[in-house]
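Below, chain A partners chain B and then partners chain C, in two separate complexes.
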Partner chain A sequence: MYRNVPTGVGARRRDLRLSPRDMRAVLERGAAWAVSRGYGSETELERVEEGGCLEGADPDLLSTRALERGRPQLGTLGSGNHFAELQYVAEIYDEPAATAFGLRLDQVTCMIHSGSRGLGHQVCQDHLRVMLDASRTYGIALPDRQLCCAPLDSPEGRRYLAAMSAAANFAFANRQVMTHWVRESVCEALQIAPEAARVETLYDVCHNIAKLETFEIDGRPERLCVHRKGATRAYPPGHPGTPAPYRHVGQPVLVPGDMGRYSYVLVGTARAMRETFGSTCHGAGRRMSRRQAKRAGDARVLLGELRDRGIHVRAAGLATVAEERPEAYKDVADVVRVVHEAGVSTRVAQLRPLAVIKG
Partner chain B sequence: MGFRFFDHTADVGLEVNASTVSALFEEAAVALSAVLSGSAPVEPRERVSVSLTACSVEQLLVDWLVELLGRFDIELWLAGSGRLVVEQRGDRWHLNGAVAGAPLDPHRQSTALPVKGITYHRLSVRQTADGWRATIVLDV
Partner chain C sequence: MRVDGIVYGDAAMAKDLRDDPSLEQLRNVAHLPGIVGASLAMPDVHWGYGFPIGGVAATRLADGVVSPGGVGYDIN
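Moving on to the complex of A and B:
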């Protein structure tokens, strides 16, 4: 997996090069572009939020620099808190939902955490500048300049949403390509055919994104812009946005923890639709700053300790390992308990790490 | 004079001090490279000319660091020492000059922190009794 999925700053595969035309197609079509190039199958797309493509994406709104940063980074994991992790199902809390998701005890799973890479960061950077001016134009008082904004129906607001949707499509394509390479890695390692390996997508869900979605407000359906920052989508059973195979139980929610403890699979609820615009937590959240985490101990010692517990970590840099040490994060079990008890998503399964690749 | 980091839960804070505003921008480039490369020295192998204009000195600093960040993301290019002239003409701020640097050598240098962007959170560039000071929070 570490060999097949480019990991860390500057890593890339030579067998995936994008022409400007390809880039345009990626930004317009998202995960469907990846499938059209043989990275996965059409049936997987129904298990991706929005089918792996946001409508209204406009590649023409991206700067040359955003495209330059993105082109070499499609099909790359990145670094920082991005990871790909082989895990096993350690606990099942909700049998019917787990069965619908195809999860059973001791089953091996893989979780990928990555996004729109430098392309998305540049889209953000480019539009911060626009939004600073827009905030002045529209008389918006800012408590912090990083919170600059514009009304959604203003030209600036509409352009940003269209550019961000293009970045989201890049992220869908990126994860689809890596998912395919993970599948190939499993087949290579076990020397089996893809049909025999049965490595299937459970779900691909976004986080840190703003999207237009429909909610019932005072008994009437309204189109709203939902910004899920540090949050992810948690649609209930029966919702048309919940993929058909899961519609009787609810949308799967993936909540990564840290590389030493566990991650969770939850399921969306009707209560989330009523109380949190169909949203729940995205992850554990940091407890220590990166500098504090680095000072907390030697990365080599940490790698040894994890290995002794059966967790094998391959990382492009030791600094990332130190910064991402398990105790740098809150215990995700505590975070999950809160959303479970609040009823905005409920526990289905706990996944424990076996092998982790990081940038 | 020089730079120091300060703690921020999810991001990295940077305080840069220099005797002149031009030197402040030169030092900020070195500081960014230190974040990206884990403080390993950067060889001044290639010179890159730069010319930027912005409506404020703070925006010019953001544009300058974004320019360098883009070069790192695309070519792994790290900035070292620079010769810059930063000045205000009318209501615009201008940066002109050249910076010397080299692509990161993965065999010799490890990347320390992936920097996603330069934020406006707590951003300030101001004149002090001894020169100039910039405060920048990097989105990592």
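Moving on to the complex of A and C:
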């Protein structure tokens, strides 16, 4: 896996090069582009939020710099908190949902956390400048200039959403490609055919996104722009946005923890629709800054400790390992307990790490 | 503030949050034009650019706004 999925700054595979025309198709079509190039199958797309493609994406709105940053980065994990982790199912809390998701005790899973890489970063940076001006143009009083914004019904607002959607599609394609490489890695390591390996997508979900979705407001359905910033969509059973294979139980929610403890699979609820615009938590949340975490101990010692506990880490840099040490994060079990008890998503399974690759 | 701010958390989290800048960010988000329901924070809330990470806000299509700070740099 570490050999097949490029990790860290500047890493890439020589067998995936994008022409400007490819780049356009990635930004317009998202995960479907990846599938059209042989990275996975059509049937996987229904297990991706919005089928792996946000409508209204406009590649022409991306700066040259954004495109330049993105082009060599499709099919790369990145650094920071991004990772790919082999895990096993350690606990099942909800049998019917676990069965619907294809999860069973001791099964091996892989969780991938990566996004739109430098391309999305550049899109954000480019549009913050535009939005600062727009806030003045439209006379929006802001308590913090970092909240700069534009009316949804304005050229600036529409352009941001179209550019952000293009970046989101890049992220969907990025993960689809890496998912396929993980599948190939499993087949390679076990020397089995892909049909025998049955490495299939459980779900692929966004957690930093603004999307137009429909919710009931004062008894009437209304189109809203839902900002989820470090929050995951958690649609209930029966919702048309919940993929067909899961519609009787609800949408799967993936909540990564830290590399030493556990991650969770949850399921969306009707209560989330009423209370949180169909949203729930997205992870553990840091309790130490990156700098604090780096000073908290030697990364090599940490790697040894994790290895003794059966967790193998391969990372492009030791600094990232130190920054991402388990104790730098809050206990994700506490976070999950709160959303479970509040009923805005409920526990399905706990996954524990076996091997982690990081940038 | 146009709407309330709501944090999902337990007693220990509430104590930790008391002096956390993410709470002020949650309040700031409640000022956005067209925001409906509440400015929400999930239990993994912490400081982010503009919006707190772990923040959720919905705005009306007709008179609401979209803010890049509500998505952040790591889009999707």
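The rule we apply is simple: the second predicted complex is superposed on the first by the 359 of 359 C-alpha atoms of A that agree within 3 Å, B and C clash if a C-alpha of one lies under 4 Å from a C-alpha of the other, contacts with A are read in each partner's own complex, and residues count from 1 in each chain.
Keep in mind that, in the parts below, a residue touches a chain if its C-beta (ideal position, glycine included) is under 8 Å from a C-beta of that chain, and two chains touch if they have at least 3 such contacts.
Just so it is clear, the structure is predicted and the values come from calculations on it, not from any experiment.
**Student:** Give one word, clash or fit, describing how chain B and chain C relate on chain A after superposing.
**Tutor:** fit
**Student:** After lining up the shared chain so the two structures overlap, which partner does A:206 touch, if you call chain B first and chain C second: first, second, both or neither?
**Tutor:** A:206 contacts chain C only, not chain B.
**Student:** Would you check which partner chain A:168 touches, where first means chain B only, second means chain C only, and both and neither mean what they say?
**Tutor:** A:168 sits against chain C, while chain B stays out of touch.
**Student:** Figure out whether A:89 sits in contact with chain B (first) or chain C (second), or with both, or with neither.
**Tutor:** neither
**Student:** Between chain B and chain C, whom does A:79 touch in the aligned arrangement: first, second, both, or neither?
**Tutor:** Only chain B is touched by A:79; chain C is not.
**Student:** Touch check for A:319: first (chain B), second (chain C), both, or neither?
**Tutor:** first
**Student:** Just to be sure I read the superposition right, which of the two partners does A:125 touch: chain B = first, chain C = second, or both, or neither?
**Tutor:** both
**Student:** Figure out whether A:228 sits in contact with chain B (first) or chain C (second), or with both, or with neither.
**Tutor:** second
**Student:** For A:303, is the partner it touches chain B (first), chain C (second), both, or none of the two (neither)?
**Tutor:** A:303: touches no partner chain.
**Student:** Roughly how many degrees, to the nearest 10, is the angle at chain A when you join its Cα centre to the Cα centres of chain B and chain C?
**Tutor:** Once the two structures are overlaid, it is 70 degrees.
**Student:** Who does A:67 touch here: chain B (first), chain C (second), both, or neither?
**Tutor:** Touch partners of A:67: none, neither chain B nor chain C.
**Student:** Under the stated touch criterion, name the partner, chain B or chain C, that contacts more residues in chain A.
**Tutor:** C
**Student:** Can you give the closest approach of chain B to chain C, taken over C-alpha atoms and in whole Å, for the superposition?
**Tutor:** It is 6 Å, taken between the nearest C-alpha atoms.
**Student:** Could you list which residues of chain A make contact with chain B in one structure and with chain C in the other?
**Tutor:** 121, 124-125, 128, 144, 146, 148, 286
**Student:** Across the complex, what residues on chain A touch chain B?
**Tutor:** 8-10, 65, 68-69, 72-73, 78-80, 118, 121-122, 124-125, 128-129, 132, 144-146, 148, 286, 288-292, 316-319, 323, 359
**Student:** For chain B, which residues are in contact with chain A within the complex?
**Tutor:** 5, 7-10, 12, 36, 38, 59, 62, 66, 70, 73-74, 76, 104, 106, 110-114, 116-121, 123, 139-140
**Student:** Per the contact definition, I'd like the list of chain C residues that touch chain A in the complex.
**Tutor:** 8-10, 12-13, 25, 27-29, 31-34, 36-37, 40, 42-46, 48-76
**Student:** Which of the residues in chain A come into contact with chain C in the complex?
**Tutor:** 115-116, 120-121, 123-125, 127-128, 131, 140-144, 146-153, 157, 160-161, 164, 167-168, 170-172, 206, 208-210, 212, 215, 217, 222-231, 276-277, 279-286, 330, 332, 334-335, 337-339, 342, 344
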